[in-house]
Each structure stands twice: as structure tokens, then as C-alpha cells.
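Shared chain: chain A. Partners: chain B in the first complex, chain C in the second.
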Partner chain A sequence: MKRILSLLLAVVMVLGLGSALAEIKLDYPTFQVGVNTAAPVIAQLVEEFNALHAGQVVIQVEEIPGDANYIDKIKVLLNAKDLPPVIYGAGYNLLDLALASDLLVDLTPYVEADPEWQAMYNDKALEVNSRDGKIYGSSAEGNTIGYFYNKELFEQAGIAGPAKTWDEFFAQLDTLKAAGITPLSMDTADSAWVTSLWMGALIATSGEAGQAFMAQMMPDDYNTPEVIGALEKIQKMFQEYTTFDAVGGKYENAANAFLSGQTAMIANGPWMIGDFSDTTKAPEGFADKVGVAIYPEGFAYDEPIQGYLVTRQQDSAVEQAAVEMVKYFTGVHAQTVALEKQGMLPASTQVEITQTAKDNFPLLAEFVVALEGAVIRSATTQATMYPNLLDIMSAELPNLASGAMTPEQFAQALTEGAAKNK
Partner chain B sequence: MQRRQAGWIALFLLPAVALFLTIYAIPLGITLYTSLFDYRLFPNRMVYVGLANFAQLFARDAQFHRALVNNLVWILLHTTLHIAIGAVLALILYKKPRGWKAVRVIYMIPSIISNAAVAMIFANIYNPSYGVINSLLKSVGLAGMQRNWLYDPATSFVSVTMIWTLFSGYNTTLILSQALSLDSSVLEAARVDGASRLQQDFLIVMPLVKHMLATTMIMAATYMLQMFDLIYLTTRGGPGVTTTNLPLMLYKTAMTENNYGYANAIGVVIIALGVLFMTLINKLLRTRED
Partner chain C sequence: MTQRPLTARGDSGLREQRPFHARIPAFLYMLLCVLVALFPILWVVMSSFKSNAQILSSAVSLPTAYSFEGYRMALEVSPILRYFFNSVVITMLSTFLNVFLVSLAAYVFARTRFRGKNLLFSILALSMVIPMTALMQPVYQVITSLGLADSLPGLVLVYMALNMPLTLLIMRASFAGVPASLEEAAYIDGAGFMYTYFRVMLPLTKGGLASAAVMAFLNAWNEFTFALVLTKSAAVRTLPLSLSYFTSQFSFNYTALFAAITMAVLPSILIFAVFQEQVSQSLVIGAVKG
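Up next, the complex of A and B:
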């Protein structure tokens, strides 16, 4: 009996070892965890993918709270040429950095072999994810961005609705301030996301030169009248229209100020819509108070951001599994999950704005309508600037805000930072 | 016999020497070597530039100048004010007043908390919206003095400095342990000769613990040359470069600017400063001759 039991045990152990050896582990560091708006979507996709490939592939999530920390980590791994199988570009232009070190897998043959996947790419998505005719990334996010406003606070101040021009916008800021309401949520820490959205909108709507600047990939010269003009307004926004803790504050501080009704406006994308009805983040009924708009002068950010990238691995089986993961995470199903669960507008036109999404997030439907009025569209400044400039933005914005630095000096600092990439 | 002994000594030293070479000496050599190159990883580039990185650092790089000055000021403060606080407390506790053991333990607590936690505590203390300092100022009618302590260029340097300057628990413990081991007859003799309390402290005890003082000063100087986490987790060196020191600049140069040759040149400066301060402190306190 003992012999039989021992034999059985040995067989079980060998089988267990065999299956453990056969299972491919995909380490996946991500900042889309915790309070990040995409966390529930990523959690669901990971769970589904793991169930679908049970015994063959398993995604092991490594939680890195904060996108700035994620970017730092990826850069460290990039320097060590030890990238995880899948990285998320997330609008931080990691594609070019990884490609410069020849660490990316060319996805072109995989995409071309799969008509369904190929159909997910529209022209813009193809452009941001390709270099020299080769596809290196796959997008899931549409990155369509306007701003949100608190209708109740607008009403209190006697403001009828979103401004059509910047002059009207700044007049509204004065009106809100006069009514004792802090008009804007802003930030400087991490990548100064919210602030950079206001800045980009100001640049893009400053005329043809501004639009041309926004269309550039990795601009070298920030010493332009359009950028300096936008920075002057950003300085004013910091000094007169935002919260005390905006300087040094992260996105989370800015979001919290808006969600708690402390500020009247925040620039951000529709993925934030889910937060408005999340009672762990906002008071009950807050979602009903929020309106959405495109920026003054008819501007909206509207360009897919670089998506998921597959990196070169020693084991080709890991690479294959990583390709499968990226395909799954950017497919119609995944983009629909993000749409319905998070309010994220899809990167692909193949994904319909479902009724469920409209029911879950009425604001999303409102935003889609507002978007039709956008006459100027571009990518975000963060998606196009050299990655090291994110750090400079974050470090120097407090100086701009305090007046220790002029807009011209700030523009010069960015220009000098860009030159360091040569 | 002696040759045989020497052989054994060499054999036993071998693992330590091998470890030293692998972990310190070889990387140090690589750092020195690559500091002479324009060395970047993406795209991969390694071009010999001689001393150009150092020339750039000292002659033209305003950020480096600020980081160097910050670092030197912090070293100076840490090897003087910080040590003085620890030494004065050690001299008080040395007389074993009531509750001296409790004070010794309590004062040590900030030193045993991880730097990450300390940074978070101070980020909250300095928070402009709900931080203790601004709340206190508001409660006593000084709302006009409220500041964004960590991110206002006028206050950030002092605010960051205060995070580590006041807590000198390690130094108190080390100096106190040395003081407690002194022969009591020396002080008795001083008392018989009519030395006051102050004279006993500064003319008898302090000179007798100067070896420990030198050790704590060297530790303080090297701590400041290595300081990274407390700054990174509070201000990341900002606003601008107001609170940037050399290690932080090295990190940013390598990680965000991909300029490894330049970063290693900064590394060489840090090493040189370390050697310089160690020699200086030893000479100042003449510990070797003693």
C-alpha cells in the first residue's frame, strides 16, 4: 500500500512539475492598479486571459502605483536590457526608447496574419504605433480628451455653460473666483498630466503655428510665441485660479479636489467618468453634477496613444505568449470592457459605443456629441515630447507657478532638455 | 614559518579581496573609465571625449553647480549642526538625569524608521492643505505665513534640510556609549581641581570622545553624499534643482537623460568628495596621530 501511495505521489509531483515547467509566466508590471481608473478593467482582462490560457500562460501582475514610478521602472529595465515581455506605452513614448535599443518585437507579421486584429488599426493608430513601415504597438485607448465641469458650482456662480473662447473661459474663471469657488484642478508632480492638458489646448488653439507645433513628434524648440503664450496663461492659472496644493500635487490631488467639489473644472479624458459615480471617490450623486466639454475654440485631444508593446525575449515561446496577451488586451472585447466599465473611448472604430456604455456613463454619450463640434484635434503634448521633458515639466512648474521662473525661461528649460536627446 | 603564515593570511583574505574587487573595485574602475566617454544606451553610443564631461560639469553646467553647492551645504550642516545636536544631548544624558534611558530610546526612534516612512511623514507635515505646520499657523492667526513648504522655491531647501537635521539619535547613542566607557577617575580628578560642569563637558569629555566624534562626522558626511531617498520621495529635487544633490542629479542624468558618461563623471566627483571629506575630518581631529 505504502509503495502504491509513494508511486502515486511521485507521479503527481512529476506531473505537477511538468505542468509548472510548461506554463509560461508573463511578468507584467503596471500602474493600472489600485485607485487607477483602469484598474478594474486590467484586473478583469488578466483574469479572463489567465482562465483562457489556464495551464499554458499566466500573467503575473506586478503593481507599481503611479505612472511616473512605472515609467522610471521601465527606463531602469530598459537600461539593463531586461524589459518585461509586455510594456504599456501609455502615451509616454516608450516605443522610440525601446526601439532605439532594438528591444521590440515587430508585430507586423502577426497583425497581417490576423485580419480581425489588422482591422482594429485605423490610420492614426497605425501611425503612432509604427516606425519605418513596421508595427510595434497595439492601441486600446482612444485618448479623446476634453474637460469636466461641476454644473452645480457653475450655477452657483451664474455661469450658463462651457466657454466657447479662451477669453470667455478666463472670464468664467474670474466669475467663479469672485463667487468663492476655486475654478481649476491642476498639478505639477509626476508628469503634471492635468496641467499639461490645459497647456496643450492653449498651444493648439493659438493659430496655425500652434497646431503645427502640436502635430510635431518630439519638438526641439519650445521657444515659440505659441508655447510662451500658453505658459503665461498656465502661470496665471497657478497663481490665481487653483488650489494651494496644486503646486507639488499629483494627478490624484487634482482629481480629489474636483471629486470633492472643491474645484469647478478638471481637464481629463472620459476614463475618469467612472470615478464620478464611485462612492469611494466621490459623494453620492456627484455624477449628476458633472458636465463635459471640449476646450475653448473647438479643440479636443483626439489621437490614439501608443499601446502595448512586445519586447524581445530569449524564449520565443514567451514572445508568442506576449503577442497573444497584447492581441487580447487590445481586441474588440477588451476595448468594449474598458468602454463599459471605465468609460474609456476605444482606439478602434471597430468598437461601437454600446448602449450599456451610454447607460452606465450618460456623460460619455454627451462627450461623444460634444466631440462632433471639435474643429481642431491633436495628440497630447506628453505623447509627443521627449520623455525626459516630463521630468523637467514636473520639476520646473513649481518655479513657474511661484514666479521664480518666467514663461520664457521655462520654454528655454524645455528646449535645453530636448537638446539633451541629441 | 613566517612565509607559511603569510600564505594562510593570503588564503583567508582571498574571498574578501575577490568580493571587494567584484563589487567595488571593478565597477569603480568602469565608472572612472566611462566618465571619459560620451556614453549612451539608446541608441548605443560610446565615444571617447577625454575630460570633456568634467569640463562641462565644472565650467558650464549650472544644475551641477547648484547640486554641488546643495550637497556641500548639507554635508557642512550634517557634520556640524546635526552632530552638535547629538553630542549635546549625549553630554546631557551622560550625567544620567532621571529618565535618561527613556530619552535615549525615544530620541533613537526616528533613526530606526525607514526613510520612506520618514519622507511620507514629512510630506504630510508640510502638506499645504492639511499639514501640521499650516494648520498650526492658521490656528494661531498666522494664516498669512502659510506656505507650500516643499514646493515654494523660497522654503523648499530649508524644509528638506529639516527632515534629517534634527534627528541625531545615532550620534547621541554612539557618543554616549563612548562617554559612558570613560574612566570616572579622570572626571573626579577634574572636579577635585575645581573644573565646572561646562569645563568638564567640553575640556575633558569631548576631547576624550573625539575618536567617536570623528567617526560620526565621517558617517554624517558619507550619509549626505549618498542621500537620495528622502529627497526623491519628497521633492524629487525640485522645484527646478532647488533641492537636487549630486546622487539625485546622477540618477536623473542616467535614467531620464540616458547620458551615462556624464552621470559617471558626477559619480567620480561624489567619490572624490567622499575621500576629501574623510581625509579632512581625520586631519581636523587628528585621530590618526592619536
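Up next, the complex of A and C:
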């Protein structure tokens, strides 16, 4: 009997030891797969992290192709309180949604205990990833955005270079139009990314009130003179300066209009630079024709995008491993990989713009220089607005474009949409 | 006076063949129907040989060159073949189980009387009108608590259940259309309940079974949202998910997307082309029985 008991005890101990030493599995759902420009970056970081923590922690990637699919799934998991250990907030403001359900791990003690990690946070990064003085996220992407222009088309129209003021900008649009060139790429579908960039730039440069509006996290009131003023200009842009397929069109249509030389300008971030030399999307030599600029009145989008979040788990060892993963994925090395492979400008000023990045993406170097002239900077409207407003933008922009809706009515629709989050 | 040739039409009689010029409108109409039906498929196949710029700039133009680069990229970017195989297994299993199990219930609803029958039937049938989004959360929690998340049986179970109301409606109507005298004759001849059901009733409702199976198959084959939410690994993911690999918010590869769609639909079209006679027959069997 004693032998049997001893044997059982030994088995239990071995099993217990085994489970204690078992490799921690971190499920990581990501939309950065497939044709997503960050896919090679994430693949490399996962491989490196797994090699670095071999036998201890392994990241198991769950591929969720399509950004909207990712958000849909995360929302279901969030409602079920079954979030994976690490989620990526990206531009979808998942931080507040997860925090409202008390599902996030406070990263403050971890960040404060690691000077190297703490140094990665500048004021903006801290602001976007913190709530009530506690840090919940860690950023990897700078989300620095200007606009691209076709130098050849500018030359054809007799335009010397990017406009310094909005008056000059709209005069350029008229000049381009008179030369038979469609000035702008715009869109309305899939949250109207390109259009919302023009809109945000117009709001941010409309004065102090505009800047204050852009600095707000999840604004409730869009019935303001600066927003309505911007919407008036957006309406004009739709009616006079863009392609026929902009209304109802997605980002792809807007991008194609620019890449095929049909339009002279598109607002977008540096991750698009790779497309200019992709001959399946643009003609051979197109990259040489593209210039990059900050917006009129010295504005640029320049605020780190909400980063990686660690969620509460039953097993504290899993939480610890998740923190390690987030630290690795947002460190200097990770941001350098993204910079050199994807052309993504870093979230942290600690990351140097390397020569490799400049060689890989010459326009990026040009943009970094242009950025020095930016006197007004903010986050994108999409990063700060309530998520449900993205759908309202897509649904109502065609009405604004056609004139079926006035800028005031559009602003009211956004305000009413925002009120639904109360 | 010369007589026009007479041609056979089935076994029901003879009719006069109209001259060719009189049949031209009918041919044109049929040609139009064929074009309308084939155009989307041809457009997808043609687009798989065009560049992104050509697809977006001139959607209906012909490709300028025929390269299989799109197909190479499609196979490289997404695990489409694996997902296709999973789709076949999951769809076949869920369709078979759905039609088999629900037809048993439908038979009971069509043939027996019991208290609350109409209420129960209404509840089951009404579940068809519940929006997918409303089902998402409870289904996720049930499947997770059963330990069936990210598993083939989990997805089979969900698809089987999702198609239940439609199959129930179709099969109850089919069973109700079979004269009760046939059943009674079987019982008089000594057949038991199961024998009567499987050997008499089911063969007489082949048309309904085929319709229900086709609907269940198509619904399961095309379903996206539950496949997304209930699965994690490539081992159980289905074909519709693979098509999302080619577009993201700031990136797209339509050439590969159309190549992937071509690879996804061509096998189904080929199978239908080979078995179209059987499929068509199964759809009309029972239509004239009464």
C-alpha cells in the first residue's frame, strides 16, 4: 500500500512539475497577415520572440485576415470576457472598450520598473495609451501622415510645389482641374479613410478651437464652426475635384486613381510608399514621379497609434509572458524592423531613422524632412472618434457629396451618433 | 399542300416544329439568360489574369496578357487549399446531419398530433428570423462552454442548427404532401415505424430532401461570421475566410483575390456540370407525386 501511495505521490509531483515548467502559450490574434503591409514585420517579430523564449513562451498566431473582421471578433471575445492575452488597439480604440469591462492589465509598474521601456514613451504616446494616470498600452507605430502628390501632373498644370496655405491649395485644385487633371483621390466607403484625413487636416488648421477639437478623445459635439467649415470644403472637394467613383468608393479606388496617374494628390501614410514601385499596382517608374508633403498651414498627423494591450488572465504567468511580448513588440528593435520593412515611422523618438530605411523608402526620408516644418500636429479623427461614427461617415458622406445633406446636417448626424455611446 | 415535319416531345404527344426564324427570339432570350448567368463567373476568371490597376481602372476589359502570377500569389498568401478541404468536410457533414435529423422532426410535425405542436413548430420556424449578429454572442458562449470552440464538430453543430428552421419548413411540407393512405398501406402490410419512415416516406420526399440539402449546403458553404468567431486554427477554418487575405485597410491584391475566387468556385462548378442531370432530377422528383 505504501509503495502504491509513494508511486502516486511521485506521479503527482512529476505532473505538477511538468505543468509548472510547461511552455506558456500566448494566443495572438492579428489582422496583420496576408496582404497587410505589416504582415512581414509581425511574422519576423513572432519568429524572433519565439526563438528568444524557446521552451518558455510561444506565441501562437491566430490569423484574422481583414481589419474589420479582427474588430468584429475582438468585440465578441470582449463581450464574452474571453480576450486573448495580447490585443492590438491599432486605430480602433480598443483600449477604452476593454477598459470599460475592466479587462486590461495596468502596465504602469512594468513600464516604471524598466527605464528602457519607459524611455520609449513620449508625451503623446503616454497620453494615447493611458487613462486616469495608468498606462494600459504600448505603441509601436507613429501614425505620421501627410499627403502624396504627382510631380509630373503638378508640372503639367504649372504648379511649382505643395501648397503652404489652404487658399493656395484650393487655387491649385482649380489649376489642376483647368488643365484637365482630376486633383484629388477621395473615398466614402470603409470609414472613408482618405477623405477623413483631408477633413481632419481642415479642422486642425482652422484655429485654436479646431486644434482643441482634434486633441479631444472621443468628441461628443461635431456641431462646431470648425467641423462644419471643414465639411463645407469636403463637400466642395467631392463635387468639383475628385473622381466619379469617389462616392461609394473604397480606399482601393482612391489609391488606384492616384497610382494610375488619374489624380494628382492622395492623403495617406508612408506605408503606401511601397505601392508606388509595385508594378502590379502602378506603372513602371511611377515612384519617381511621387512627392510627399505635409498639409497646408504646416499641419501633419503625428501621434502614436494606440498600441498593444495586455488583458487580464486567470494565470498570472500568462500575463507576465504577455507583458514580455508587448515589451518586445514595441521596443527599439521592433520599431526599427517596421521602419525598414514597412516604411512605418516609429512611435518613439528613441528610434533612429536608419539609412537602410531611407534607402528602402527614399520618399520616407523626404517626408521626415518635410515633417520638420509641421507646426500643428494631432492624431487622426478616426483614432479619436467613437468607433460607431466610422459607419456613419461611410453611410452619410455620399449624401454630403451629392448635396442631399448639408454640412450642418452631417455634423448633426455625427453628434447624434456620438450620443449613442453615452 | 405539304405537311410540316412533326417531332416527338417527350411521350405525351407530337407537336409541329416551328421554322427557324420563328425560334430566333427564343434563342436570343436563352442566350441572354446564359450571358447573364455566365458573366460574373467569366468576369472573375478574366480578372484573375489582370493587374490590380487594370481591374480597378477598366473592370470589364479583357486581360492584356495571361499570366498565372495571381494564382501563385493566391496560394502563397492564403492557405486556400487547406481551407477548401475543411469547407468540403464541414459542409458535407453539417448538411447530412441537418437533413437527416431535422427530417425526422419534420415527419413528426407533419404526421402526429400532440399538445403544443403548432406552438413548438412556430418557435422553431421563427428562429429563422433571428439576426446572425444577435446569435453571435450566445452561440460563442455555448460552443465555448461545450469545449467545441476551434473544432470541426463545433462548426458542424452550428451550421446544422442554423439551417434547422428552413429544413424543417421544407420537409414538413414535403411529408404533409404524401398521402396518408400510402403510410397506412405500409402499416397494414406489417411495416414498423422506422421501416415506413425510411423505406416509404423518405423516398417519396426526395424532392424536398434535395431542396433542403441544397439550401443547407449553400448556407454552410458560404457562411463567414461564425467560422471567423468560432475558429482559430487553420486546421478548421473554412474557404470564405481565405478570401479576406487579399484586402486589408491599406493594402489590396485583387489579382490574387480573383484567382482565389476562381480556385474556390471552379471545383463546385465542375462538380455541378458533371452531376447536373442528377441534381436536376433530384429537384423535380416528387413534384408530380401526390
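Assume the second predicted complex is superposed on the first by the 393 of 422 C-alpha atoms of A that agree within 3 Å, B and C clash if a C-alpha of one lies under 4 Å from a C-alpha of the other, contacts with A are read in each partner's own complex, and residues count from 1 in each chain.
The criterion applied here is as follows: contacts are C-beta pairs under 8 Å (C-beta built on N, C-alpha and C of every residue); 3 or more make two chains touch, one makes a residue touch a chain.
On a predicted model such as this, the values are computed, not experimentally measured, just so you know.
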Chain B versus chain C as contact partner of A:S394, first or second or both or neither: first
When both partners are placed on the shared chain, which of chain B and chain C touches more of chain A: C
First, second, both or neither for A:N79, with chain B first and chain C second: both
Which of chain B and chain C A:K164 touches, first, second, both or neither: neither
Contacts of A:K289 with chain B and chain C, given as first, second, both or neither: neither
Partner chain in contact with A:T280 - chain B first, chain C second, else both or neither: second
Which superposed partner A:K177 touches (first chain B, second chain C, both, neither): neither
First, second, both or neither for A:L97, with chain B first and chain C second: first
Shared chain A surface residues [contacts with chain B and with chain C]: 72, 76, 79
Chain A residues within the chain B interface of the complex: 72, 75-76, 78-79, 97-98, 100-101, 188-189, 243-245, 247-248, 387-388, 391, 394-399, 402, 404-405, 413, 420-421
Footprint of chain A on chain C - complex, ascending: 51-53, 56-57, 69, 77-78, 136-137, 140-141, 144, 225, 228-229, 232-234, 241-242, 244-256
Of chain A, residues touching chain C in the complex: 27, 29, 31, 33-37, 62-67, 69, 72-73, 76, 79-80, 82, 190, 193, 251-253, 255-256, 259-260, 262, 268-269, 271-272, 275, 279-283
Sites on chain B touched by chain A in the complex: 41-44, 127-129, 146, 148, 150-154, 235-241, 252, 254-259
